[in-house]
Amino acid sequence: MWRSSTAERDGRVPGGEALLTVDGLRVEFATRQGVVRAVNGVSYRIDPGETLAVLGESGSGKSVTAHAIMGLLDTPTVRVPAGEIRFHGTDLLGLREDDRARIRGRRIAMVFQDALSALNPVFTVGAQIGEMFRVHEGLSRREAERRAVELMDRVRIPAAAQRMYDYPHQFSGGMRQRIMIAMAIALGPELLIADEPTTALDVTVQAQIMDLLAELRRESGMAMILITHDLGVVADSADRIVVMYGGRVVESAPVHEVYQAPAHPYTRGLLESIPRLARKGRALPAIEGTPPDPLAMPTGCSFHPRCSYRQDNCVTDAPPRYRIGPTRDSACHYWREVLDGSHG
Amino acid sequence: MGRYIIRRLVQAIPVLLGATLLVYAVVFALPGDPVEVLAGDKRMDPHITAVLRERYHLDDPFLLQYWHYLTGLFHGDLGVTVSGGSVSDILAGRFQVTANLAMTALVMEAVAGVGLGLYAALRHGRAQDSLVLAATLVLISIPPLVTGFVLQLLLGVRLKQAGIDLFPVAGLAEGWRGYLLPGLVLAGTSIAYLTRLTRTSLVETLRADYIRTAIAKGLPRRRVVGRHALRNALIPLVTYLGADFGTLMGGAVITETVFNLPGIGQQLFTSVSLREQPVVVGVVTLLVLVYVLANLVVDLLYAVLDPRIRYE
Amino acid sequence: MSETTVERQGRGKHARRGRYSPGGPWRFGPPRAASLWSDAWQDLRRRPMFVGAAFVIAVFLVMAAFPWLFTSIDPHDAATCHLSEARQGVSDLHWFGTDNLGCDVYARSVYGARNSVVIGATTAALTALVGGLLGLFAGFAGGALDALLSRVTEIFFAIPSVLGALLILSVFRTGSVWTVVLALAVLAWPMTFRITRAAVITVKGQEYVLAARALGASSGRIMFRHIMPNALAPVIVVATINLGTFVAAEAGLSFVGVGLQSPDISWGLMISDARRRFLEAPEPLLFPALLLSLTVLAFVMLGDAVRDALDPKLR
């Protein structure tokens, strides 16, 4: 079950136009206390032009998966013992470093959470954006600067022609994130990975950034993986949703189906903990318990210690990803009960 | 930028005043007749005693004495020796030698320290890294007093006997080449510290988020390390190097003595053995000035290297 | 000792306190000082560098305390020197050869250990005490006291320490162990002050200290129960490394002629005495130089190992 291809599981045509598939990916970190299995057999797929939301709390493995896609895990303490990441059918994990560098930034780009620390403090923003053109396209300094100003205009940074000579610390948080985005879309990538792009920002600015991303995506037709722990952000912007817990995918479905009726107890818990006006006056339910210790993952289904649907087999048997709809699956032995409960 | 420079200049003034006051106080305010201390073991000609009492305003209150000393300092006057010569004149020609020596050492330190540190950082956690670290430990532990004599023996005598003549081992008879060996000895400990600092700084910088961004941008590794990381890692190194210039000038006492170089350090050694206090005070004051100035230059360089400070 | 390198030791001290668990809650609690030190000890015992350094130091300590265990010749007794035997090379009778006056270099080197160890240890202890206490108060109290002390240390930093010590010692008519200690300590305490102050300010902002304060613990209790044990580590590391550099400084000062004076026996003095005829007879210079370097190396290595053990993150 785990090794079956994502395309089959998603019920979409095998060999269809998947842009990127992650298949059975495992990532391990060596720590002082032992090996942490940060990603433990993750599979998902994204089609061209699609927006996929990857949802989960910190430590669920969602960012590590993204880093694996970008090839940012190249440190001695990290191991990728199994899995494939295919981009247009080519396994990225099997590529030589210089071949990967050609894809990175040019065809797959990434926006990070904290733009202040993600931008180099000692170079002007113009130089940092222009660097994309200078390195990848060999443009002259002047030409690169011109393109950088264009991009800054495109992400709506006022007075771009002057501000390109400013340094990152001279911008506000929202403006810095716009600069990150400008840099990421510089070479027109086919896939943009946005790793919690709004978490570090004020609520009002968050909406502006999400709108900007949506607009850029509409204009360019690029696909986007939106990594977030905030279900509120997902509803308006994503086509599909992948929910991760404890280094695994627990539910994968079109967004509207999840909102209508979640098929995994964890997803359900997440949805119920969103504040809604309709529920005003009632206590906001929270998921009980704490996230799993990555050094001592629970046996069976890793969510079982916190699950109200738990039966004996949840403690012993890890659930497969049950196909529960044409483009939907859930890794819960009792997904039917969850689904029914959701409708009721 | 302007305000930052002015603030640094203003901050340097009390340090300068305090340090010169401290130097002055140590020699002239400690118990005992200052003139006697000045003369040391030598018998004093009463005439000279009178001249000295006059020259140092010894019958004035201490702070007034210091004031006279300070104003003299501003005119380039470092006082007179027991025999009536001008300290400034004695040091004038020698200062250049010490500055050349310290400069030679600084260049060697920068090249070797940054080079080795870079090498170790890029092999962080591997055998070569540990080897470099162990080497710096040894280098830190061997005083220049020892390295000076040992290198003199090895390069100057043993190699010469074998027919290889690399460096002159003493004096400046052969021009600038005479600075090479003493420069290396003077730089020794600093090379070790700079290597460690470079290594730590670069290892830390390579873990920064903006390095991850640079990789995600698809930049070649050479550019990620050589431009994005190094440019940031450089900031503390420049600070260290600048401050070390003053330390190197101060450390020249032993090196110049061992290698017989006619600098202010050697003069200091001679003056200490002859108990010529005015010269001793003059040299120390001069070196304190150099130290404070070097730090001022560092602060300005810092502003050039780190835009976050420039626009404070 | 480089100030920049050492100041780094103060940071990241408590990184190992909370166990890393991505997504999990961080356990906050006072880092039990006892467990920090016993962890460090477990770690140290397994480091060859530490064991080696400790062994060398132990040998030198014994040599300083009981030099007669190592040699039957008393170098203070002029009758043991024979001018006719001056500058003899290494032999069965004279393991390190003889010096310009025909004295046994081995015996003099052994007896020289005491002054080096006493000066190094006393200066290190004095510096740690004065700099540490002032740093503790300045860091804890903040405000005017902190500002004043910090300005004062800036002034001291402007005087290169070897030069300052040389200046102070040149005022005294005769150098002795205690004047050398004084001269070195006067210029060295500001560094310990800075390191302690920085460590205290870091610890002061930690959650468990804020919690203790919120629970109504008195200032004195917070300072001595919570802050001091945790600011102690960098002070000990620096004191150990400095001990080595003080030993080297004493040799330099004695070499220049302002430190210890004959008939005291010191490695620096021996090097100074031997330098005139060094190229013909290197032994009287090389052997004390070797012992000097070994002592400094042992203490620097010890300090380095202790720092790594206390703060694995800096490795």
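Think of it as A, B and C in the order they're written, each chain with its own count starting at 1.
Keep this in mind: a contact is a pair of C-beta atoms (placed from the backbone, for glycine too) under 8 Å apart; a residue touches a chain by one contact, two chains touch by 3 or more.
It should be emphasised that the depicted structure is a prediction, and the values quoted were computed from it without experimental measurement.
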Practice problem: Just grab the chain with the largest centre-to-centre distance to chain C, centres being mean Cα coordinates. | Solution: A
Exercise. Weigh B-C against A-B on C-beta contact pairs and write down the one with more.
Key: B-C
Practice problem: Starting from the mean Cα coordinates of chain A and chain B, work out the distance between those two points in Å. | Solution: 53
Exercise. Can you check how far apart chain B and chain C are, centre to centre, with Cα atoms defining each centre and the answer in Å?
Key: 22
Quiz item: What are the residues of chain A that contact at least two other chains?
Solution: none
Quiz item: Touching chain C in the complex: which residues of chain B?
Solution: 14-16, 18-19, 22-23, 26-27, 30, 37, 137-138, 140-143, 145-146, 149-150, 152-153, 156-157, 193, 196-197, 200, 236, 239-240, 246-247, 249-251, 253-254, 257-258, 268-269, 272-273, 275, 277, 280-281, 283-284, 287-288, 291-292, 295
Quiz item: Touching chain A in the complex: which residues of chain B?
Solution: 125, 208-210, 212-221, 223, 228, 231-232, 235, 305-308, 311
Quiz item: What residues on chain A touch chain B, complex-wise?
Solution: 70-72, 74, 76, 97-98, 101-106, 109-110, 112, 114, 117-123, 131-132, 135-136, 167, 169-170, 180, 183
Practice problem: Spell out the part of chain C that touches chain B in their complex, as residue ranges. | Solution: 2, 4-5, 8, 151-152, 154-156, 158-160, 162-164, 166-168, 170-171, 244, 248, 251-252, 255-258, 268, 271, 275, 278-279, 282, 285-286, 289, 292-293, 296-297, 300-301, 304, 314
